[in-house]
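Note that the chains are named A, B and C in the order they appear, and that numbering of residues resets to 1 at the start of each chain.
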Amino acid sequence: MSVETYTPQRFHEQAHDALGNAQIRDNFRSAMDGLMAKRQESFAQWDLPRLRELGASIRQRALASLPDLLEQLETRCEANGIHVHWAEDSEQACRLIRELCQSRNAQSVIKGKSMVSEEMHLNEHLEEAGISSLESDLGEYLLQLNEQTPSHIIMPAIHLNADQIADILHDKTGIERTEDVDLMTGAARQQLRERFMQADVGISGVNFAVAETGTLCLVENEGNGRMTTGVPPVHIAVTGIEKVVEQLRDVPPLYALLTRSATGQQATTYLNMISGPRGDAEHDGPSEVHLVLVDNGRSTIYQDDQLVDTLRCIRCGACMNHCPVYTRVGGHSYGTTYPGPIGSILMPHLQGLEATRELPSASSLCGACGEVCPVKIPIPDLLVRLRQEAVGEGRGNVAGAGVKRRRSEVAAWKGWQWLATHPAAWRGATALAGPLRGLTPSRLGPWTEHRSAPKPAPRTLHAMLKRRHRGGTSS
Amino acid sequence: MDAIKCYPPKPAKVYFYGTCLIDVLYPEAGMDAIRLLEREGIEVVFPDDQTCCGQPAYTSGYQTEARAVAEAQLELFPEPWPIVVPSGSCGGMMRTHYPSLFTGTPSEARARELAGRVFELTEFLVHVCHLRLEDKGAPQVVAMHTSCSARREMGLADTGPALLTQLSSVELVEQARATECCGFGGTFAVRHGEVSGAMVEDKRRAIEATGAECFVTSDCGCLMNIDGRLERCGSAVRGEHIASYLWRRSA
Amino acid sequence: MSARDRILARLRQRTDGQLVPPPSDFSVMTGRAWTPSERLARFEQLMTTAHARVVHTSMDAWTSALREVLHETGVKRLALGRDHEVARQAREALSGSDIALVDADRAVESWQAELFHRVDAGLTSCRGAIAETGSLWLWPTPDEPRLLSLVPPLHLAILDAATLEDTFFEVVERHGWTERMPGNALLISGPSKTADIAQVLAYGVHGPRDLVVLVRH
């Protein structure tokens, strides 16, 4: 399967293309405007600062005892009849899932939405092993048909218009062409229902894994998650190790934050809480449930007191919905599984700063992401931290640290430092800016592509105040 | 900001931290800010050795260089007077980031003490001076762009508008998506020039769509960015620092 | 060492030392202080906004209301349980009618195609409901299995007004979910829906296109 490829290395080119694409600009702008308004409205009756504080504390508490909670989760799940597996990286996780499928002679897998499986490129891995793996979330299904990747973690096909989706469904599934959304949705329902019935294995993600009870919580609107976890004889849930929470009572606050932050809903259509396979007396549900706990770089992020905050994320997408950069360039420009602000602080750990060097700087540090994050991840501070790491000024514990260090740039900052710590020299240098303003180039690279060049004033504030002082006015 | 800041009574003296952009590009804005403070009976002390708060290096990842420059600024304010900064961006750097920048260093306590008496200009005029303005200008429609650092780092979305709405002949209009970044972001505007350009173009359109005759802002980075875009597009709408606008209308 | 042990060891030997958990203040999750009528109004408003239909009826007359709904929606084949009081009364009321009653309390493998293709509606009871979010609370049982509320195009849910509570948090706390989590616990807040095509809401993408809640007072 050839999937349209975007890479983080090509951020600038991809962003350039997106900025010039009216459809991309319109789709993201209008979708993000709508999501921002709905989010705000949905929190209207809440004491949001306190709710966010609670959400942050729940995630911090979970991370503070992460190894203990993972062990407790394992114990509780096993007691409930859920088999628990561990994978250190994507490759191990893919192999583990493939072997689970193969040992059950599975030919056909149906998938619910799972960002970690996107991160692992699980579909490609299963296809290579001759196991068909079909996405069942409508947006993901359409993208799989169109050989594309998601451009938003909650609304994966937001970059496509109805007429393009009409073409995809007509070309790839042979239905009569229609742009009627209900008819297209109905057609997909028919196609996917057959696949749910035939599937040997259902693979889903997990929103919250409760250590106390061994419960896997899945949050969704479509019902494909319930189908995936309820119809095939085997259910494999795959999740990052950071998704664990301590207690069941931690779930309602996180669920309240997640649905409102993501789509402005008071609740999603379904909250599906799975604590075991089909019981002895039960008549449906999978006879086997597996949980695959994936590390894939998370335990490295975990080591650092500042970076560990990255792992609080509950994948709501609010940071991208509110990001003025994401809104303009769309998700594909980032070239990573997770786009937008969360992607820019997470992907450098998963792929290294070498590949993702453009991402931490792709932010004006406006703070909108940090302001809305339901678990109060200080995203702007983490972006600054990764900028430090990229230029070799951090702690050096991120893969690819120092990759952006350039002797010329370091020298420039050293020169600036010298000047700014030698006030007389600073005054002398800045005093020259005015008299020499005629020499200011009218073109200053990227700045003057879009704006007039700033002109130094004839005299600096320092000089004006000195003159005023000499003139006898108080200063 | 989460914590509610407790404001001191109006002092006899303040320090004024002019910021490097005002120093070189917009010194009149600095002068007007000083005039506004002096009119309130406050003696304004301008430490001559001030240079830059260090933010450009800090946000670019050059923490060592930023800390060295910030350290030099820490020494400029020995008296316990408030430090007034006509910029949410530099003010945010000093109030929010200085403490973390110096954590674990011998200067930590000094950085925290200093951070506690940093005030952005409009914040100081509203909450400490309780400034009352008498409008002497002709009727005018004006838009305001509050910088992201003033709005989010310092929690000052309201102080600029609170001053403008005191001007009886001024109609303050709000542009669409007023809370959205103008695209400046320091080195972001150069490193990601195209994205930044798209952002400032949207800001220009939003401001022009209000029918405002001019716009004001409390940050010279945003001013340079938005006004530069307006000038480049030959717009009749131009921008200035809020200090100059308030002084001109009330002097 | 296994992958498990290596992951746990890395987490345990954390470079920056033990993290300190902050306290959690849950008070924001409680204290709604809604009156029963406010609670019900909120539930109904949210359910209706989510494209579900709420029908008010009484403990005595609810089966007539059910018959009416079945008639209006053109249901010919209704899947339902057998043991639950709701199923028993429904079976009694509908016996002899032209609506075929399909047993849901049997191994799904024996009737999967029928469930997917030839059932018009699934009838379930509800453990309770939540006013704050407009949600039904279901714990599927052998009598009312997991797929009964999901696969048929119409889900008919019978809710007792007295079981409506303020918040999800309070439901979890008051009913001791922690001690007695079933294999599957569900909150349902409307019919199945998607906005994945051009942000246009469409219902019944995978699960029921319609949800009708009969509230028994």
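Quick notes
Definition applied: a residue touches a chain if its C-beta (ideal position, glycine included) is under 8 Å from a C-beta of that chain, and two chains touch if they have at least 3 such contacts.
Everything numeric here is computed off the predicted structure, so don't read it as measured data.
Think of each touching pair as a link: the shortest run of links from subunit B to subunit C has 2 of them. Highest C-beta contact pair count among chain pairs: A-C.
Between the Cα centres of subunit B and subunit C there is a gap of 53 Å.
Between the Cα centres of subunit A and subunit C there is a gap of 30 Å. Note: centroid distance subunit A to subunit B, computed from Cα atoms, is 32 Å.
Chain contact summary for the complex, subunit B toward subunit A: residues 2, 18, 20, 22-28, 30-31, 34, 38, 43-46, 48-52, 54, 56-65, 68-69, 71-72, 100, 148-149, 151-153, 177, 179-181, 183-201, 224-225, 228-229, 231-232. By the touch criterion stated above, subunit C contacts subunit A in their complex at residues 2-4, 6-8, 10-12, 14-16, 18-29, 46, 50, 104-108, 112-113, 116, 130, 132-135, 140-142, 145-147, 150, 167-169, 172-173, 177-178, 181-200, 202, 204-208.
Residue ranges of subunit A in contact with subunit C, taken from their complex: 30-31, 34, 46-47, 50-51, 53-54, 56-58, 60-61, 63-67, 70-71, 74, 80, 86-88, 92, 136-139, 142, 155-158, 160-162, 165, 181-182, 184-186, 188-189, 192-193, 197, 212-213, 215, 221-224, 226-227, 230-231, 241, 247-253, 255-256, 263, 266-279, 281-285, 293, 295, 299-300, 302-305, 308, 397.
Against subunit B, in their complex, subunit A makes its touches with residues 12, 15-16, 19, 33, 49, 324-325, 328-329, 361-368, 370-371, 381, 384, 387-391, 393-394, 404, 410, 413-414, 416-417, 419-421, 423, 426-427, 430, 433-434, 445-457, 459-466, 474-475.
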